[in-house]
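Next up: the structures, one after another.
Heads up, the next two complexes both have chain A, just with different partners, chain B and then chain C.
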Partner chain A sequence: MSTTIKDPGTIKPADMDLPDPETIKKELLARYPAKVARKRSNQIIVNQKDEDGAFPEIGANVRTVPGIITQRGCSYAGCKGVILGPTRDIVNITHGPIGCGFYSWLTRRNQTRPPTEADDNFMTYCFSTDMQDKDIVFGGEKKLKAAIQEAYDIFKPKAISIFSTCPVGLIGDDVHAVAREMKEKLGINVFGFSCEGYRGVSQSAGHHIANNGIFTHVVGKNDTIKEADFKINLLGEYNIGGDGFEIDRILAECGISIVSTFSGNSTYDQFANAHTADLNTVMCHRSINYVADMMEIKYGIPWIKINFIGAAATAKSLRKIAQYFDDPKLSKKVEEVIEKEMPEIEMVRDEVKKRCGGKLAMLFVGGSRAHHYQELFKEIGMKTVSAGYEFAHRDDYEGREVIPGIKVDADSRNIEELSVEKDGEKYNPRKTEKEMDTLKTKGFEFKDYKGMMEDMEKGALIIDDVSQYETELLLKLYKPDIYCAGIKEKYAIQKSGIPMKQLHSYDSGGPYAGFRGAVNFYNEIDRMVNSKIWGYLKAPWQISPELSAKYGWE
Partner chain B sequence: MLLRHTHTEILPREALTVNPAKTCQPVGAMYASLGIHNCLPHSHGSQGCCAYHRSALTRHYREPVMAATSSFTEGSSVFGGQANLIQAIDNIFTTYDPDIIAVHTTCLSETIGDDLYQITNKAVKEGKVPPGKHVFHANTPSYVGSHVTGFANMTKAMALYFSKSTGVHNGRFNIIPGYVEPSDMSEIKRLAREMGIRPILFPDTSDVLNGPQTGKYKMFPQGGTPLEDLVSTGDSMGTIALGPLASADAARALDGKWHVPCRVEDLPIGLSATDRFIDALRKAAGVSVPDSITRERGQLLDIITDMHQYFYQKKVALAGDPDHLIPLVEFLVQIDMMPIHIVTGTSGKAFEKQIQALTAHLPCKVNVKAGGDMFMLHQWIKNDPVDLLMANTYGKYMAKDDDIPFVRFGFPILDRVGHSYFPTTCYRGGMRLLEKILDVLLDRMDRDAPEERFELVM
Partner chain C sequence: MNTAKSYTATRNACKMCTPLGAALVFHGIEGAIPLLHGSQGCSTYMRRYLISHFKEPVDIASSNFSEETAIFGGGANLKLAIENIIRQYSPGMIGIATTCLSETIGDDVPMILSGMDQGEGRTDLVHVSTPSYTGTHMDGFHHAVRAVTAYCNPLGSRIRHKPKPRKRINLFPGMLSNEDLRHLKEIFEDLDTKLILLPDYSERLEGPSWVEYHAIQKGGTPIRDIRDMSLSDASMELGALLAGLSQKGEKTAGTILKERFDIPLVSPGIPIGVKATDSFFSALEEITLKPVPEKYKRQRGRLIDAYVDGNKYVSKKKAVVYGEEDFVTAMAGFLAEIGIIPVLCASGGRSGLLKQALTQILPQNIRDQVHVHQGMDFTQMEEAAKKLSPDFAIGNSKGYTLSRNLKIPLVRTGFPIHDRVGGARILHIGYRGTQQLFDTIVNTLLGNRQDISTVGYAYM
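Take a look at the complex of A and B:
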């Protein structure tokens, strides 16, 4: 944990000369075959607004070039791994050969905390039909049914879900029909997901399939109104490394009550009850903004974008929630909490900034993290010179106003879009139109997300679905002080002598959300970029290899 | 409790696997491909397979694991993955410049029936494979066998694709090390060399997946079996295949194709299996065993005699792969431990028979299952508790719940270091295994000892 304190004179000024981004872009494309270079050229953008104030269009949510060595995973990973992975009391059965279930078993560091020893927790378990060649040839529905029955007999869960892997779609197993039959038979909720790995172009398709499934099969099933003030849902927060626990703590201190979190530390009943909240707050825009839209249309719950990554962003988000509820007591409490939390944060931040200020960061991760984490780096004076998402869409870069203009291609078309209408009984507008308008005139923004580009400096290089080759070149050309991505990228970067922070799983760290999370992150980055170990890469004999012809010490 | 739904009552289970003790073929194939010098593994399927396999191997080794994917979409799943693979081959050679691309299939490309011979031939005809470069493949359907099968299939594929015979012996000996760690591969090479044998070890992940920190990243590190060595395997004097499941197919393929005589031995885990390996090498190569190796054997034996009291009649539960478990059970029985619950996820009746034969003399019931899972193992443990658990990292959930001394062994190990640097095979590896077992057993005695019986000297 030791850090060296650098002479302030050696800290690079924030406005130091960086290499010309257009030249770098050319370098990144130079080696590719012509067709690949043309495609990648649309996905590598120098950040700059045109005269009309619009950002250049980025190629995003498009197919990955085969063979390029991508960071991306598949639809199954997005559905079972990301969205349903953090839910503790549903038995999630992977229907397929053993691998998919095995790899998504506990590897994402989602934390959960069942209230008592008697509460269900299946997150430590992996359930699979382990399909064999005979199931591929003769069909796997029979085995799936038997597996659901056995899961019910042994574990007695309140719900069972089924996740389809690649061969399931190809051989035509109807998981939804099996789910309906078993739901009827067992009297518990059973539902399936067609999240075969080949659907869509990345994990993002799987997020969509998962969220649509939860919205269709679970949300709205429990009408109990929680006795509490200021009830919200937290959408798109997955409790990796305990992020959700820290956010829960802060919200509880403010007196804000969480009805459901999608899906960190979540339960079946929370999802079923989600439609009773009075505000949806969206953390990861990419993975869940459509659920917020659907809940507004069906149940009348407005939604706002919030961000609990970064101390200032956390404070801003709390104030935004308070402004929505428009209650002086809540606003006062929020201010008290911020006032109480900030001194320690500022102390650590200022101390860390002395050692990290002026250093360069790069972030290539996720569908929102590469944007949100720039806040934390900014707070300790670090500059993000290049960033991009692994599986985001254009709106996550350019802002939501581009959504109507996004072309729906063949890969997106096969991901179901739900058509949602007002619920005859359960629709209840939480604010009158007049109240909404009043808030808007005060500058309050509903369902607004401006995207990554707005917050990045002019000339920053924005790269969608970055490849291994581009990563290696970026390291050489920018020489960043830290690079953030995922486990597959980690060690190639560290072997290049540059510290690498995982922003999917946080290595073994976290939480990094909220106030305490910010402090953890400042200290972690300080440890990493100022570690002494990078000074030992060369052995003494590599530093001065000259031989002196002596056999002994004098 | 972490595994709070695992109870003693064992209900019948035919269709549902819970907490698997295996994973799928392609990850084993990817691992084997990394053991060829200047080779990039390629996964012909959806992106997720490649991402998962790279992640699993990266977490286990804490090393870069590079591999490419055909990135199937719904369209390619319907029309076939030919266009994707040919494009991938072009991009890989242009961008990353390996000498070899080792393609393995997935459940997706196997289910739709992509013909990899035809596709790679087409890539060659279209000039996408530069002169002197190679693309070869192994069929590794995920719905057959396990990660061990995938390793075996890729190892066999590399032997069949590259080996040639000039008709003149090269004076060398093929050793197929099996699905073991880079450290084990180094150790096996070291012993062979110490016996004066020049081995061709394939695949060989040493110096690939246990590389140094130098500040300079190289996508293709110095290790891996060189191409010319793979070609030369057809001219070797013989082949020793370690681990029947992982290595026998490749050895027999070389025998069938080039008449390179082969011998299949257990993985050299523990005393007797290592004895058999060394003796087989000695006889096959016609060399004598140097004193240095006999001394290592004696050191292993010395630890056993010195510490026998701590091993004696301790009950052990094991999960792992058949090639590892058979010599491990033999070793544990030899030192008078009692392996009573043994599970592997990989199917095969021969495994159960062999384990039953090895444990037949034990004075207690022994549970063994091939094609079983860790849930089953845990239920057995709950019914008949053990003094020691040896399994991959997933075992730690059982170990914590039931407070069992735990030694990490097998794949994957996600929460400790050491396995890539320090072997558990051969005599020194046996010593390391005993050290690890003793550490957890004696720590437990220390932890639980009443103060008056807390021992300084043990």
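Take a look at the complex of A and C:
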């Protein structure tokens, strides 16, 4: 017997006439020169299916026009900051001038929990070769080697990785050759990443470079099979604000065991052991779907898309994992956990919904968050009127079926695609074709992601790589009740009197994933959209000017 | 003085990169937008870093290099970026700072700019060379101030002789907090003297909510004021190191104005502490010909009184001081003045002048207890500090790990402060700023004494 999650109920539409999205689009494009306007026009889409049920093609993963102030970061940021940042026991050395290392020094609020004090944790460190002009002129390989030797001598880590910044590629330092040499010399794993900031169009390129590197250099190095019943990998979960801890808690209660997380609260050994899991679950499709594909081809591990953002989505994801393992005990346990967790969630949700229902949200963030977080807003009756990703690709908007038709431009061609084959020894299909087919006929979907557009209302405005300038116009035109993005947008938005929630670093809050996370998020949004502070923006004498002209005795 | 072990790699740097300082300067000029010529990641990183300290909008544009641009040169990107910024923001000035990418490939930015047809030509395009593999954010800061001053006051620009009812002073404060900049403006108002403060980000990076939308936040030194610097009666540059640099023959904004227009230059240190603030006010008296207002004399009196009252808590305590070299010098001078021994003075900067500047500012009797290190990172600092058993550390948020590991309190000052609110509102300078620092230090030491005591004494 499964517990169904009560529908939050229909919300009385707020007394609002939303502006016409086509008109808004025109206004957004008005100040751009013709060429820029044409380009941006492909990236600003009014959500609507055509007769064949297809969504309009969106321009995504295309280079930002110079001079447009973008939310995007660079390839190095995606590689070192996002993917390898949350791993605690690899010494990550930035090869370059000091800035890149400094700015990526534990700024994403990834949390980690070493089991004991004796376990390695290098996350609070920022290692850099701090290149000086003489290194630029004469080459930095010698300094890099010395830095690796030094890191080894001091820390004796399991692995050392090297991240290339812009000048490294230009002066021709071969970080991979250095890595090979030092690997041989030291007898530990040393690997490099060519993640110079000018490669690719955004941090997404860096995610790809990082994940390819981990797949090539680490995954499959440790064949120990964990003693557990239901073993999964959690791909694309970065443990911001402790999200991963909450997901770990829920999975543990259900009796599902995590072999490795890519890459929240992760370790080198987890990566090395990842190929022993029996299912890959993909949280952030953008940053890691290709790793799931490669692990399926090479090791025979099927993958499914899951989402732990939102209480209903969490329950659905747990059920999907249980259905995959097809074990009555597991299904029963999953239902028990959901049943135990839901009452509190429903109580808070219904209470918050009274105050938040009918309000408007906008989300411009990430490669999956702008989609996933709409779930949480829906649960408290809020409507997402406009959304978009910072660095996602077309499939994250339109769904995976568009992948074969995606044009590969010069920027994407520079990012290496690995060609992967069945591993002679380690390939082991976790399900027979027949078992897979049986699941499919029951409606179970493997490697499926329908994208953001499918879940958004008709007429919603979808904007890829929104700029600072467009953001400010959108606020004026839509007057949303809350706007979600990152720290760079935060303060300009709040200056306009609109609360702004950071969904990169969570504004020092979180977790927002899983069941307890949902409760945290409902309360947080309630605090923000119903805050009284906005009422103080004007002093009393500004509201009624005659006050200032009167004295007490008058 | 001891020698710290030297390392190849930098662990936990005590410095940021050059373009960050330049980007901050352009936020202190009215209507200016910084543009980093290089990869977009640089703009994004520096924006998020400045924002995490100021908690205000910070816009930095980029010329968004691709791999192709890196190979064939960034001229076309730079021009396109400038055109797009002008269309969207109509800025008065675009400050173009070159990153390590455009510097390494050797883009000739002045040539690219000179080839630009600007149409109406309302936007000033100022270039500052800031390769991040040289110097620190502080160098980027000074170089941007110098570039703007030189650009706006070209040699041979006509010197207008107008009757000047009020003295007019150019002040180059260095990298101070918003509150520090506001305090300087207050002092000049009280002296009834016209001040041209460059940069002044105190309003733009700490503004109120907007009644109407602003493409570029209000505030900053008006560009027309910067153009008038050549007409001022004197220039003042704060910072002992900066003074040292100009003595070494390196050009600063002040020396350029002196060379080009014969404007006298005075270079006191950052006015932290009684002695430094006394020199600052004396210099002001000299160039403005105005007596120090009564208000500041009273502030001084209260400060000295507080020194006397609080001396028992601070005398012979030991401190670790770190940050920009100028900041460290000024802070060490103040600490020594109240009887605290700055046992470790460290900076990520490598001007070669720190030791000399500290020798000049510190009293003879404690000099042999002070360990001075330039080009030092936080890990080396922690190793060195361990042997010196300091009572507290003073500097930016990045010293947190050190203070946690050494189990000593951290007094947060300077930049960046991203683990406390109000970093930009800390007043460090003048008698009033010194008073606040003094109170904070004493209270931190008292608080720590209570925290580590096994008995809960409330009467200290």
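Note that the second predicted complex is superposed on the first by the 532 of 554 C-alpha atoms of A that agree within 3 Å, B and C clash if a C-alpha of one lies under 4 Å from a C-alpha of the other, contacts with A are read in each partner's own complex, and residues count from 1 in each chain.
Basically, a contact is a pair of C-beta atoms (placed from the backbone, for glycine too) under 8 Å apart; a residue touches a chain by one contact, two chains touch by 3 or more.
Note that this is a predicted model, so its numbers are computed, not measured.
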TODO: Evaluate whether chain B and chain C can sit on chain A together after superposition, giving fit or clash.
DONE: clash
TODO: May I ask you to decide whether A:Gly172 touches chain B, chain C, both, or neither, giving the answer as first, second, both or neither?
DONE: neither
Open item on the list: Just to be sure I read the superposition right, which of the two partners does A:Gly443 touch: chain B = first, chain C = second, or both, or neither?
Closed with: neither
TODO: With the two complexes superposed on chain A, say which partner A:Phe155 touches: chain B (first), chain C (second), both, or neither.
DONE: first
TODO: Name the contact category of A:Lys476: first (chain B only), second (chain C only), both, or neither.
DONE: second
Task: Partner chain(s) touched by A:Asp120 [first = chain B, second = chain C, both, neither] - done: first
TODO: Figure out whether A:Gly535 sits in contact with chain B (first) or chain C (second), or with both, or with neither.
DONE: neither
Open item on the list: Let me test your reading of the model: by the given contact rule, A:Cys100 touches which partner, first (chain B), second (chain C), both or neither?
Closed with: both
Open item on the list: Can you give me the overlap between the chain B contact set and the chain C contact set on chain A?
Closed with: 31-33, 36, 63-77, 93, 96-105, 107, 124-133, 135-136, 143, 146-147, 150-151, 165-167, 169-171, 196-199, 201-202, 410-411, 414, 468-469, 472, 486-488, 490-492, 494-497, 537
Task: List of chain C residues in touch with chain A within their complex - done: 7-13, 15-20, 35, 38-49, 51-52, 55-70, 77-78, 80-85, 87-89, 99-101, 104-105, 131-134, 136, 207, 209-210, 213, 215, 217, 348, 379, 401
Open item on the list: List the residues on chain A that touch chain B in their complex, please.
Closed with: 31-33, 36, 63-77, 93, 96-107, 117, 120-122, 124-133, 135-136, 143-147, 149-151, 153-155, 165-167, 169-171, 196-202, 410-411, 414, 467-469, 472, 486-488, 490-497, 534, 537-538
Open item on the list: Quick check: in the complex, which residue numbers of chain A touch chain C?
Closed with: 31-33, 36, 63-77, 93, 96-105, 107, 124-133, 135-136, 143, 146-147, 150-151, 165-167, 169-171, 196-199, 201-203, 410-411, 414, 468-469, 472, 476, 486-488, 490-492, 494-497, 537
Open item on the list: Touching residues of chain B toward chain A in the complex: what are they?
Closed with: 1-5, 11-20, 22-27, 42, 45-49, 51-56, 58-59, 62-77, 84-85, 87-92, 94-96, 106-108, 111-112, 141-144, 146, 211, 213-217, 219, 345, 375, 394, 397, 414
